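These are the structures in question, set out in turn.
First subunit A sits with subunit B, and in the next complex the same chain sits with subunit C.
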Partner chain A sequence: MNQRARILLSILGIVLVLLPAFAGNYAISVATLILYFAFVGQAWNVMMGFAGQLSLGHSLYVGVGAYVAAAMFVNLGIAPWAGIWVAILVCMAMGAAIGFLAFRFGISGVYFALLTIAFAEFTRIGFDHLQWTGGSGGLFLKVAQREQMDLFNFRGPPAMYYYSILALTAGALALCSWLLKSRAGYYWQAIREDEEAAQALGINTFRYKMIAVLISSAMTAVSGVFFAFYYNNLFPEQIFHISRSIEIILGPIIGGIGTLFGPILGAFVLTMLADGITEVLAHFGVEVPGIKQVFYGVVLLVVVMFLPHGIWPTLAKKIGVAK
Partner chain B sequence: MTALLEVREISKAFRGLKAVSNAGFEVPQGGLVALIGPNGAGKTTCFNMIAGVFKPDSGEILFQGNRIDGKRPDEICVAGIGRTFQIVKPFAGLSVLDNVIVGAFNRTKRLSDASKAASDILDKLGLGPKRDLPASSLTLPDRKRLEVARALATRPTLLLLDEVMAGLRPTECDQMVEVFRDLNAKDGLTILLIEHVMRAVMALAQHIVVLHHGEIIAQGTPQHVVRDPAVLECYLGEETEV
Partner chain C sequence: MPSIDLIANVVIAGLLTGLVYGLMALGLSVIFGVVRVVNFAHGEMMTIAMYCAVVLFGAFKLDPFLAVLPVAAVFFGFGYAMQAGLINPFITRPEHSQFMLLVAVAIIMVNVLLMIFGPSALNVQVDYQLESYEFGPILFDKARVLAAGMALATSAGLFAFFKYTNTGKAIRACADNNLGAKVVGLNVKHLYALTFGLGSACVAVAGCMMILLVDVVPTLGPGYTLLAFVIVIIGGLGSMPGALFGGILIGVSEAMAGLFFAPSAKSMFGFALLILVLLFRPQGLLGRKP
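Take a look at the complex of A and B:
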């Protein structure tokens, strides 16, 4: 990171920390959403961007993380600070199962992606029938009084959620930047580029792919816990749905797969775009069903066509922070 | 001299096609051995069995006295055998230096150490000025050098070279020969190479093993092998006049 990058990152950090002081609740909710997608995008990026393992079923870890912590809270009265560890462990176990099946039996590429979708799908169906978590009817957390901050039970005003997800996103950025400079980071990139050559250089590719999956699933589990306590209601049909998995991966793809800042930038661009389109359409009184998705799709198409490596690599060069 | 690598009667068939049958040879510690033969003779299959890509159907491979046949490629690399690929496999998205750092991490956990070791090797192979370029931008001769640099970075005791001279111009080939001779003489690196370019084989090898249809038809010193009637008949006759 050069000096300019350090300065810009500090400015961004300060702006984000001070944001609740001058922004209203709506702006904070948008910022929270952006940071949420930045965090979970970063988590996905560890697997795909760093290690080259395409997961199209990351909603699995969001959902399981959310359900585990929320069900423990609602049914057993266990605070999320304890539940989150269980959520992480359960998600890592599921990641390990998928990874083991795939990597031990040489399932890779699109077939690996299909396997991740399959797991997310049958977990969804399983939760539809799991009465302990409310089945398909959903699981609801009591909406607490917004003004009171109850940090222990993770209930409180929007700013509390905002600062939590901000801290998580900053932590994820720091973690990923450290990982990329570590031996594991180099090994992942080698595996991503050419697995056979990586193995010939002494890399236990099975072990390092498993590590990527475990880290990614653990991080995504944390985002799931946040999701549960922020939105307060969980439905298997929604949280495990493949469209959720796609939503997660769009940020890093648009921002720049494998880059540190891509997931953050992508989350910002996409969320602002979705909200912007809604605003503009409302302003002109356009009420055509599905028009928002069409605009959204067109923008994605344009970015993919003209910036196939995402926005960040090009932007980084323009503002002089690329290396 | 004791044998660093002992290949004992290994065989490998692919769906009934015998790629290698009962091939046995030795590579002495500090030696420079060439494995030659016409296309399809089973040279690369032999290599892949030593490097752990394939498990031999029968026979044994011993490295420093220990069985290595059937081990995974990464275990074999850690044990001290580095290899290059005939069809080069650079990590295209990474810089030249990062490519070699990946190899250097085989012997250290610290990025600073790996980076230093990688830089030294790049300088030795003349790739120093190109260290920050993406590997995808290299020309074929440079990719071949990168392939060697990456394998060397794992700090092997035995280096397996799979046709690294192919596609190089004679002067580039001579430079490569010089590098390997140097590594063998000064660093004591043992080298086993597959090579079609006889210019390089004759300049480098102390011992030549000739494979034909998966079987070893001759082995010995270069002078001995090039006079062997069986070798001349199948393969070397016209090549030696180059």
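Take a look at the complex of A and C:
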């Protein structure tokens, strides 16, 4: 990281920390959403961007993480600070099972991607019929007291959620930048570029792919717990749906897959884009259902056609922070 | 425990619907087998075909069996153009890039349908939907039998095309050995576009038949995409008989799950089967070893 990059990152950090002081509740909720997608995008990027394993079923870990912590809180009265560890462990166990089966049986590429979808869909239908978590009718948390801050039960004003997800995103960025420079990080990149060559060099590809899956699933579980306590209601049809998985991966792909800032930039661009389209359409009084998503789809199409490596690599060169 | 007659009826209805599923999946399988791109907008194309049949029926009282011809022709052209203009430049890009492209296309398709037709369910109503053939205790819905027959006939036509025509053989050559196909002077990009057109035409026929059996809403698309994936993986990606066989298997298992468990759990069996097949026979039940 060069001098200019350090200065820009510090400015960004200061702006984000001070944001609640001058922004209204609406702006804070948009910023929370951006940071949420940045965090979960970072988690997905560990598996795909670093180690080259395409998961299209990350809604599985978001959903299971959310459901485990929320069900323990609602049904057993266990605070999320305890529940989150159970959520992480359960998600890591599921990731380990999927990774073990897939990698031991030599499933890769498109087939691996479809396997992850299958597990997510299978779990979605399972939760639809699991009465302990409310089945398809949904699981509801008591809505937070806006004024009181109850950090122990993770209930409080919007700024509390904002700072939590900001801390998580910053932590994820630090973790990923360390991982990328670690031994595992270099092994992952070798596996991503050419798995057979990596194996020939003596890298235990099975072990390092498993490590990527475990880290990614643990981080995604945390995002799920955040999601549950921020939105307060969970429906299997929504949280496990394949469109959630797609939402998670759009950010890193648009931002720049395998880069550290790609997921953050992508989350920012896509959330602002969706918001901007809503504003513009409202301004012109257009109220046709679906038109928003059509614009969104067209922009995705244009970006993926003309910026195959995402926005960040191009932008980094422009502002002079590229390596 | 439901009676044997009821089970037999349900199995036969599932089998007939499964053939229509199979034709839809055949389109996906042919495209993947040749172009090696997974069409993530497949189910969305299916719903567009269903809406086409609804519109033609509403405007001209055109029976879906006759609507098959114009809809398939338009889909063939559309598929050709989509491959030639949009997907060909992505052939050499990584999988996630192709995935993004087709997801963007799918998002646009679903929401254009939503803009035009709104969220409410549409269907066509023809006399023979109420008729059925009777063989002892077993009833065959006439619409279902005809739809399955059409799916079989279309599949047979496609098999024959790939087996006996020069163009079909050229397409198979591209799939078997891309470099070799180029060396002997085949226009690979044109053949890819042709394949995508044919796959789209399969979906068109399947969509026109499916509208006789179920109502259509814009949001059906992603579900059909997943269904088509499940079927072709189970049958074997790239294997044509495998797609039909997988379709029948899924059709019957859905029908049985609806009878013995909750109808909402029906696709769970498909996904469970998919996971088992991926683990123990990743090339699919009828697929060749890569």
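Throughout what follows, the second predicted complex is superposed on the first by the 323 of 323 C-alpha atoms of A that agree within 3 Å, B and C clash if a C-alpha of one lies under 4 Å from a C-alpha of the other, contacts with A are read in each partner's own complex, and residues count from 1 in each chain.
Following the convention adopted for this analysis, a contact is a pair of C-beta atoms (placed from the backbone, for glycine too) under 8 Å apart; a residue touches a chain by one contact, two chains touch by 3 or more.
Just so it is clear, the structure is predicted and the values come from calculations on it, not from any experiment.
Enquirer: Put subunit B and subunit C onto subunit A via the superposition and say whether they clash or fit.
Expert: These partners fit in the superposed model.
Enquirer: Contact-wise, after the overlay, does A:L101 reach subunit B, subunit C, both or neither (first, second, both, neither)?
Expert: So A:L101 only meets subunit C here.
Enquirer: After superposing on chain A, what angle in degrees do the C-alpha centres of subunit B and subunit C form at the C-alpha centre of subunit A, to the nearest 10?
Expert: 80
Enquirer: What is the contact status of A:Q199 with respect to subunit B (first) and subunit C (second): first, second, both, or neither?
Expert: first
Enquirer: Which partner, subunit B or subunit C, touches the larger number of subunit A residues?
Expert: C
Enquirer: Give one of first, second, both or neither to describe whether A:Y186 is in contact with subunit B, with subunit C, with both, or with none.
Expert: A:Y186 contacts subunit B only, not subunit C.
Enquirer: Output check: A:L273 vs subunit B and subunit C. Expected answer is one of first, second, both, neither. What do you get?
Expert: After superposing on A, A:L273 lies clear of both subunit B and subunit C.
Enquirer: Check the residue A:G109 against both partner chains and state whether it touches subunit B (first), subunit C (second), both, or neither.
Expert: Touch status of A:G109: second partner only.
Enquirer: Taking the superposed arrangement, what is the smallest distance in Å from a C-alpha atom of subunit B to one of subunit C?
Expert: So the smallest C-alpha gap separating subunit B from subunit C comes to 12 Å.
Enquirer: Common interface residues of subunit A with subunit B and subunit C?
Expert: Common interface on subunit A, subunit B vs subunit C: nothing in common.
Enquirer: Where on subunit A does subunit C make contact in their complex?
Expert: 48, 54, 56, 101-102, 105-107, 109-111, 113-115, 117-119, 121-122, 125-126, 128-129, 136, 242-243, 246, 249-250, 253, 257, 288-294, 296-298, 300-301, 304-305, 308
Enquirer: List the residues on subunit C that touch subunit A in their complex, please.
Expert: Contact set of subunit C toward subunit A: 38, 89, 93, 95-97, 99-101, 103-108, 110-115, 118-119, 218, 222, 226, 229-230, 233, 262, 264-265, 267-268, 271-272, 274-275, 278-280, 282.
Enquirer: Would you pull the subunit A residues touching subunit B in the complex into a rising list?
Expert: 181-183, 186-187, 189-190, 192-194, 196-205, 258
Enquirer: Which stretch or stretches of subunit B touch subunit A in the complex?
Expert: Interface residues on subunit B, with respect to subunit A: 51, 53, 72-74, 77-78, 82-83, 85, 89-94, 98, 101-103, 105-106, 109, 111, 114, 150-151, 153-154.
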